[in-house]
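Two complexes come next, and they have one chain in common, chain A, joined by chain B in the first and chain C in the second.
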Partner chain A sequence: MTPPTPPENTSSKTLNLKLEFGGGMELLFSNKRSHRVSIPAHVPAPPPPTASASPATDRPDTPRPSDVNYLIHWMKENILTERVELFMEGDTVRPGILVMINDVDWELEGEGEYVLKDGDEVVFISTLHGG
Partner chain B sequence: MATCANVEDTARDELMPRRKKHDRDSSCLRCKTAKGQIIIRHCVYCKQCFYPTVDLKFRRALAQLLNPSAQRKSKAPKQQAGPSNDAQGNLLLGFSGGMGSAILLDMVSRRYIEDADENAASEAQKSRAEGKRRPSVWQKIRVAYIEQCSAYENSSERTEEVRRIVDRYPEFELIIARLEDAFDIEWWRKQGLTPDPATSVTLSLPSFGIVSDSTTLPGTPIERLKTYLAAQPTTTAVQYSISLLTRLLLQHLALATSSTHLLLGASLTSLSISLISGISQGGGFNVKEEREEVWQGVKVCRPLREVGVKECAAWLWWRGLEVVPRMNEAYVSSGNVRGEQSTIQRLTRDFIIGLEKDFPSTVSAIAKTCEKLEPKGGSNSICPMCQRQVPQSGVQDWKARISIRPFATMTTHEQTPPASEDEISEFERRLCYPCHTTWTSRSIRNRGMDTGTVPLPSWVGLAFGNVEQMDYGSTGILTPESRARTRDRIKDFLLDEDT
Partner chain C sequence: MPPKLCALCSKERAILRRPKTGQQICKDCFFYVFETEVHNTITEAKLFKPGDRVAIGASGGKDSTVLAYVMKTLNDRYKYGLELFLLSIDEGITGYRDDSLETVKRNQQQYNLPLKILSYHELYGWTMDRIVEKIGRKNNCTFCGVFRRQALDRGAASLNVDHIVTGHNADDIAETVLMNIMRGDIARLGRCTLICTQGEDTIRRSKPFKYAYEKEIVMYAYFKKLDYFSTECIYSPDAYRGHARMFLKDLEAARPSAIIDIIHSGEAFEVKEEVKQAAKAQRKTLFLSRPTALAKGILERCKRCGYISSNDLCKACVLLEGLERGMPNMSIKEKERSRLEVGYGPSDMRTIPKFELPPVLADAASPQPKGLREN
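Then we have the complex of A and B:
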């Protein structure tokens, strides 16, 4: 189901983003080249640790701001409609997919650790349909 | 100081800092002022400097094709590198719907069709372009697309999407052919290709004898194509065959349209993939032809061979270009592909794409190294299937010395000792190594045909002349020249006809 167009963000709890797909990537996302989505502004807290967890284990007490890594996982859970292995490999995008954040190569913006801001435009371009 | 005892507490502080993907700061390497927007092999460029950088690579590759002698002598600075106006005849652009070919159309249009090029290298070019059209290099530019849907089950045509994309360039004429046209002599005649193969040829399995008899062929070209692909023993062989048919159809279309040059949209990454997968299948002798070749007077070139996929993707996006997603990807998404993941081409592609992410210069090194390779020994024959040169030394002897297969899985035919030179069919003898391997390799599934007749592409018939149906030899192998060879062997014992 296509997410409805989010209203103007008056709360700091969500981020309104524009996602664009090129090079054939749209095939994996309902064949739509442009999506407007609303994601949580902070990464949801992880599930509570089990009783056997070591006290020294590093557990974030405060939620961290949503970054591109989180966005990728959010996309996989919410708007990806075709085979996940063509989009993701491990915890990041599959090699061969160029990601641009506000028209800039994500490698210049810290890749998956770039902290998203309201109104950001993230583009995913597949290079797999080469030739 | 960190020790093994307290690794967990200090692990966060002692993480290795992420290696930077670029050599200097994040400003543009070329103009030194603008903020960088893309990293290409450790170099940062802004969008405005990115265009001429990529365009220069394209023009340099094209200039080598159009005027190779001038390029070797010229000491002109890089900014002035560009194609000369020495090209004659027509140009044919191969369009697959993919990223490289979409960019190829855009670059050729910008360079040779548009009135003024905002990225022109010099003021002299700008003033010459002002007020009038840039003089064209070729007389006519056509775009050829080979529809491949017949090779796959449950796949749809893409010709309308291709037509919509090519319509953006009104000066280009679109020609659409289909993969099954390779098995259609009527298509051959309609294109005005000469010489006329007269009749189609078929391959008799397992003897690999050639039979020429049009009455025995299946009904339609599509059925012939499907039979041909069904006869391939492995999925790698199927992919190889589809690529081979596509390439040769494009080359024959270039001949039919009197095109002196055929340009294909393979990028640096695509070229590296095809080089490695070709070598993996035994095509090392034809490494040079993967980059550039001259076939029956048509110069086949890949002018994007120095442009990586990342540059292609950025160009595609910033120029607002569209692609028609490759059929096998769409095919994959429908879940109908069987075994496509394990083809040599697919495995090579995954490896090279993964390599480019972390080691982009290595992918470039693959293409540059292969450029320097020179096959040992010459060639005096052409493979009837792929139309490329065959090494002079016997392919059969080589395969007999190096082939390794488990004896228990070999068929009765394979378990017999290798046939002598005289008993090997003419077809087998004239095949190059990768084409021979395509027909004879065996996989665990052994999905190919073991017996029967297989239609062959029309150009194979030309390689064997106007072949008539020959008598069976004593071994039951159909060989077009068996009668002539036997006569030659016993000529000293024949009585003269006069006596």
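Then we have the complex of A and C:
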């Protein structure tokens, strides 16, 4: 077993990600199924309010690395073209949207707390459209 | 976080968490358990027997696409001996059904199954686009629902098939249970969890995905790279179902077993006898299988098109007459409807072609010993 250990590359300023949309999600993102994006490697200050931030680890001089929660927020601000209510509910994706990180169900990867690496592929699939 | 190993084979990397069990499993084990569970559903309910001719209701969407793939796979693997067909209805909705039918046509090639497409236009002389143009977006789902049900049966009859399988999944059924509770529809509550029903006809309809979670169906399609189409119908989505659906998804997020639990609740409901009697008086036909109802004279044939009906005219003929006469809303109101049924329409009016039962069912339609295939 070789667990992939991501290189601790705090110097890089952006992460290059591949985003894929399916099941109708693409309609909310310029009707394009595949997007290549670069997002900040660290959550820019001021960070979005987190519900359970413990003050001890939340020192302002150590910026938080970008996780999927931040990605979702970033997508809303930067590439979502319509109807945010069909993408998000509260601070995360709406129930009924499946998220895969590098082809693994995000429920196995810590969901929104998964820390993104350069080159990650994240897939969003809506299950809400008729079959 | 180190990759987790599959809870079943302990060899491969887990790629999903099953909503039903919470198990984390790998791709191959997922395919295997998903297919095997559908197989178990089919065999426990004794849905088929060798030699059956079965139509798969195919819309090009995720559920029916996965259903066609899995039915074909299981039929080959377990030697069901079924003759399978794809059956699609073209409602005539530009930008929606025309695109999804292209998907079905590709599926026909990919799965090597014969495909029959029946359109509202050829059957009723009206597309949904024209109906909506005429009546607006308020009651169009009523027309579409009545027309689709009858079109499916007629398509099945033309394929000489007496059994249609549909892609309804566990989430759909749980939603319907909730909706029937909220509407107090006791008769439908009892029926909606049945795996096999007979509609207003003698053709059976079954739901092999009754216990399959939507999440797993979508995951299956994703990992198998199945080709499906996903767009909401452009005309008036069912708002009431939409609310039930969102409520269910919220429940599922909190507790994934909620979906199967709600289906179980629907099955386990015990209805007081007097409530049952009252409901029976209203909708007596819902409690009988169609051949039985036909034999008892509760159901008859539409005097115009021959489709099974509890009134002189079937619902589709009533709706069509309303459209043809330029009074579409008249056919929706019960009160006005009785007027329609008395006078048969003008002789030059468009009518639906005569309905003939599929030959495999021709015997079943004549009066038969009681208890045969009673639901």
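The criterion applied here is as follows: the second predicted complex is superposed on the first by the 104 of 131 C-alpha atoms of A that agree within 3 Å, B and C clash if a C-alpha of one lies under 4 Å from a C-alpha of the other, contacts with A are read in each partner's own complex, and residues count from 1 in each chain.
Convention: contacts are C-beta pairs under 8 Å (C-beta built on N, C-alpha and C of every residue); 3 or more make two chains touch, one makes a residue touch a chain.
These numbers were taken from a predicted model, which means no experiment stands behind them.
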| item | value |
| --- | --- |
| Clash or fit, chain B versus chain C on superposed chain A | clash |
| First, second, both or neither for A:Ile79, with chain B first and chain C second | neither |
| Contacts of A:Met88 with chain B and chain C, given as first, second, both or neither | neither |
| Which of chain B and chain C A:Val104 touches, first, second, both or neither | both |
| Common interface residues of chain A - those touching chain B in one complex and chain C in the other | 22-24, 27, 95-96, 98, 100, 103-105, 107-108, 123, 125-131 |
| Residues of chain B defined as touching chain A within the complex | 8-9, 12, 21-22, 26, 35-39, 44, 47, 96-101, 264-267, 269-270, 309-310, 312-314, 316-317, 323, 325-326, 329-330, 332-333, 349, 353-354, 356-357 |
| Parts of chain A lying in touch with chain C, wherever the complex brings them together | 1, 3, 22-24, 27, 94-96, 98, 100, 103-105, 107-110, 114, 123, 125-131 |
| Sites on chain C touched by chain A in the complex | 1-4, 13-17, 24, 59, 61-65, 167, 169, 214-215, 217-219, 222-223, 228, 230-233, 245-246, 249-250, 252-253 |
| In the complex with chain B, residue positions of chain A that touch it | 22-24, 27-28, 56, 58, 82-83, 86, 95-96, 98, 100, 103-105, 107-108, 123, 125-131 |
